[in-house]
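Below are two complexes that have chain A in common, paired first with chain B and then with chain C.
Let's look at the complex of A and B:
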């Protein structure tokens, strides 16, 4: 028995030398469970990048190793991350849909000499958790702050904020309140809704009673947005002229068909719309739609993954395929390129993406609902980030 | 005053949706003594059928409801014959394990077949938009759900209490061996009442879909709510389920309006209080 173990160990050791030109990238994301759609989008982004650029960088071949993490679960995230580093021998880690998962995996990076490219998790503080974290998505602060300017430009003085009661919701509220009061607006009330609220009528009554001209809302992309937008219309707030303002999570493209006419005219701020008009995006959308199977399922995590793959490819180029996390991260600091979402760059200070945030309006085009970009806030950093 | 009326209207409509979606579970748990954790999964199948019928095939809403109820029953018949029949009278843990397994299987199939995105059911124009109640407007589909709830409650009460089938059902439940000896075909009675419960689940899934949207995890998301309504009301009691649904709907709606930051606190506080005072539920028969 022990001989067999020894033999397989020797084999494992020699084989890792023999295939040193295969670079493994471990991707942790929700590939099943309630957020499976977003995991699918990670995969679509990665597949699109591989389809366009091929799976070789220099002499090295990339291999993607997926690990499923269906729901936020920090302990499991740390375990999967460790397993990827120790037994799969991955040189890069990527993915991470939820903040707690990314936070739990971050402390392992330095010891494992592995950089992490976050494809989604959107809390400002993640980049502080380890110097080896680079993020290609957005932060809730980043997407929420420009909405304050939008509200003021439209002559709105009084706003009520209504957010889902969890980390990103609270971030979103803080970002909007900070921006809006600074611009001279007044927040009449701030309400936090329990995560599993399904009947939003009482909330709408409360918005009505508050006498605000507009409501700023944050809900995570998914089932709850349908009930919220429907209640907003059915309780007569839309007709009464109470403007609904929200970050783009509320109107992610796969949900738009379900939201239907109720959503038309809604204003949201976000970093990426599938309908973004640029040659880079056209190429991306075509490849990613093919990868995911149906264009209607394409959403923002796909572009985070696509850009993440670009960043990893630059890291591999810079280190010549050798495992050197510090050099890899150093190499992409300040990197700038044109992403499907527009021009972006990595802020060397916090390794987070500086990017355009767009104001979009839900519109119907060729029988499909889209987020039509109508205003651009250029080169937005992360206002929520504080130096550690 | 207007606010109170307004909360009242919301509470009533939400409570009726809770009732209509939970009553089928009350039948399986109370009358058939099966802890059917797959209840939400059947409601979800009904929702998917109605969504497919209205969105893809362009059928009218009424036809879609009937198709959803019958279609879901059709799915349930083989499940009853091959799976559920084995767990009648089995310990509760066995029932829970098997039905939760069925739930996960259905979630997986739904995710594979229909995709992970939200599905909506197209409403006829009469049910869209708000209806003016004088002091406020309320969504027409909520009034519809409330009306359906009333009809279901009366019809079910009539079937169970006043028809020969109801007599046989109650006899089979109380003492299956004795009922069989008297010539009641208990297997058929069980199969029919199971189909009835599943049909009610599907109806609830369709009518309640505006508040509880159809997606693969529907089957698990709302399971706790259904179970709470049934246990607070007393399993098997129609009046109990109705009172429980309205009461809990009122508590939750008022809580959401006045103190949303407390979340579900008041809802579960009410549940704990009621179950402490009435261990068998509001109208449950003592064991």
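Let's look at the complex of A and C:
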């Protein structure tokens, strides 16, 4: 009898957290400064998920705690993450737009007993930084590799690559070059542009002179892409039939209106287009547009956040609201569901999403510019990931 | 704190009064650190980051506040220390935190001495432009050498071993904070001795009138290079401390933004005073952190307003304003 009492007492003590608790989720992202739009998209994805599913899971209520990190700053990221774990008592960490910030947060996860769901940061190696990292975005390798097949299918033999000279640009170049040369194509030249290049005319001349049939380009989503595409058209490369190929960062939806007619016909490969045709996406876009205020501001980080919230909800369900990072991560390994971007699953080996990558063409529809999906590469893993 | 408050009729010798004052200053700093440790046990990572920034701002104060060199590229020295400490830990397995600090200080001193050879060639505006060029070059070099530095992804894989083999760098950041405070106190005392020494006086003289100092027969250029090397060691210690506490070094540690922010903190606290550098950094980073936690979406506006207010109402910085009030109160009493 006393044994039973003791057992029930222990049970009550250890599982006390399971009863109607508030579970805090700390979200770190760029909510101010030049990348504020991407942070707003994190928020829109989270709000959309909460609007559709409610803020309770079982008996537990979810509370989101936002922290701002306007630019890559690992020291600040580590300080914010530590403060979220220690003083806010968050059970889950999420967000992280830039790679160094995610890298700086990873070493404290194990000791803090907190899983981290990366909503964006796209360098393959992040998942190796800690066994408690799960990622619901994409990697630059993942979105760039299929473009090699696209180029070959279109009979392109010679390509020049032009990328911004920083981590993701170099990743993108490496992914395309690896895929393209393997498929029998020839890279005539690889150029890396300094990060704050604004005048692309000399670059366009160089592309012309290289004699390539197509140019593969990577620039971070944002203002530089406008100048690049404009220079591409104005220097006559589009008319000369030099195809522009790029991962979808170049034509993210909020930039399309400014890119305008110059962008029509551009080919990009990416994991998500706001115009993706599926009932899941319709529900998501409606809720997320409402959260962000205007449908034209919606972009890819929102879907990373939305799916991230789904993953966190599954983690909470699996652990019954108890703080157990190992069990939470274990529970979502191999998890598969239909995301607004299409069918996805979490690769148990590297805790990164296996997903469809789409070839899209910029098109005009009902007076609006969209990324129209025209080809699907199904179940793409991360070709850039190497086991640690 | 300033020289004018010295009482010339005091019978105690000058050095003894200086020692007493240093002791008082150190006790005050230590008391503040202990108070912060117990009042904000969950913000120690932030506090450690503040100490690392303090070392950078102290270093900037040495060249700008004491020697009159205009620079917007001071993060070069901080970044050099951070990357050097990070690289020896991540690539060569030297993970002892004290050794990492030593490496950071050496690298910072070297970077300071070398970059000063260029920066000191200019004066006024051209000097400012040269300093920006130096930090941009360093930034781009670190971006290009991604095999060593990790480029824009940041240098990760730094795992410092336990301090003295006993004190692990824990989640709460206690070890890192205590180590950083001890480091700061040592640096502070050494710097007080340096700025008071004949060498420090020479630097101040150069700030006021380099032509006259040259006419007196003292080497202006070489003296400033020496000061830059000392400042480099201090900033390098800050960088190494940041690498140890964060375990990641990013390109931001070599950025123009960080250099400019350091200058803002120095101006906020008051230039030409070591306490000014400490107060400015503590107030700026703490304020920034609190405001951005309260409103993560519009906090930059509020920080901007604070800076405008300080420049308008306390042009000599917070310590300058405090000093003025202190003097006025003493004047009213006598």
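In the analysis below, the second predicted complex is superposed on the first by the 368 of 388 C-alpha atoms of A that agree within 3 Å, B and C clash if a C-alpha of one lies under 4 Å from a C-alpha of the other, contacts with A are read in each partner's own complex, and residues count from 1 in each chain.
Keep this in mind: a contact is a pair of C-beta atoms (placed from the backbone, for glycine too) under 8 Å apart; a residue touches a chain by one contact, two chains touch by 3 or more.
The model shown is predicted, which means the values in this text are computed figures rather than measured ones.
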Worksheet entry | Fit or clash - chain C, chain B, common chain A | fit
Practice prompt. Scan A:72 for contacts with chain B and chain C and give back first, second, both or neither.
Written response: second
Discussion item. A:33 in the overlay: touching chain B, chain C, both, or neither? Say first, second, both or neither.
Written reply: both
Worksheet entry | Partner chain(s) touched by A:258 [first = chain B, second = chain C, both, neither] | first
Worksheet item: Should A:275 be classified as contacting the first partner (chain B), the second (chain C), both, or neither?
Response: neither
Worksheet item: Touching A:83, do we find chain B (first), chain C (second), both, or neither?
Response: second
Worksheet item: When the two structures are overlaid on chain A, which partner does A:323 contact: first (chain B), second (chain C), both, or neither?
Response: neither
Worksheet item: Which partner does A:165 reach: the first (chain B), the second (chain C), both, or neither?
Response: both
Fill in: Partner chain in contact with A:99 - chain B first, chain C second, else both or neither
second
Practice prompt. Could you tell me if A:194 is touching chain B, chain C, both of them or neither one (first, second, both, neither)?
Written response: both
Worksheet item: In whole Å, what is the nearest CA distance you get between chain B and chain C after the fit?
Response: 5
Worksheet entry | Interface residues of chain A shared between complexes with chain B and chain C | 32-33, 36, 165, 194-195
Worksheet item: Which chain C residues qualify as touching chain A in the complex?
Response: 41-46, 48-49, 52, 140, 143-144, 146, 151-154, 156, 159, 170-173, 242, 245-253, 257, 289, 292-293, 296-300
Fill in: Residue numbers on chain A that touch chain B, as the complex places them
32-34, 36-37, 40, 165, 191-199, 201-203, 205-206, 209, 222-223, 226-227, 230-231, 234-236, 254-255, 257-258, 260, 294, 296-297
Worksheet, complete the sentence: Note: in the complex, chain B contacts chain A through residues 3, 6-7, 10, 13-14, 17, 111, 115-120, 129-130, 136-139, 210-213, 215-217, 221-222, 252-254, 256-257, 260-261, 263-264
Fill in: For the chain A and chain C complex, residues of the former touching the latter
31-33, 36, 66-68, 70-76, 78-79, 82-83, 85-87, 99-100, 103-104, 106-108, 111-112, 123, 125, 129, 165-168, 170, 194-195
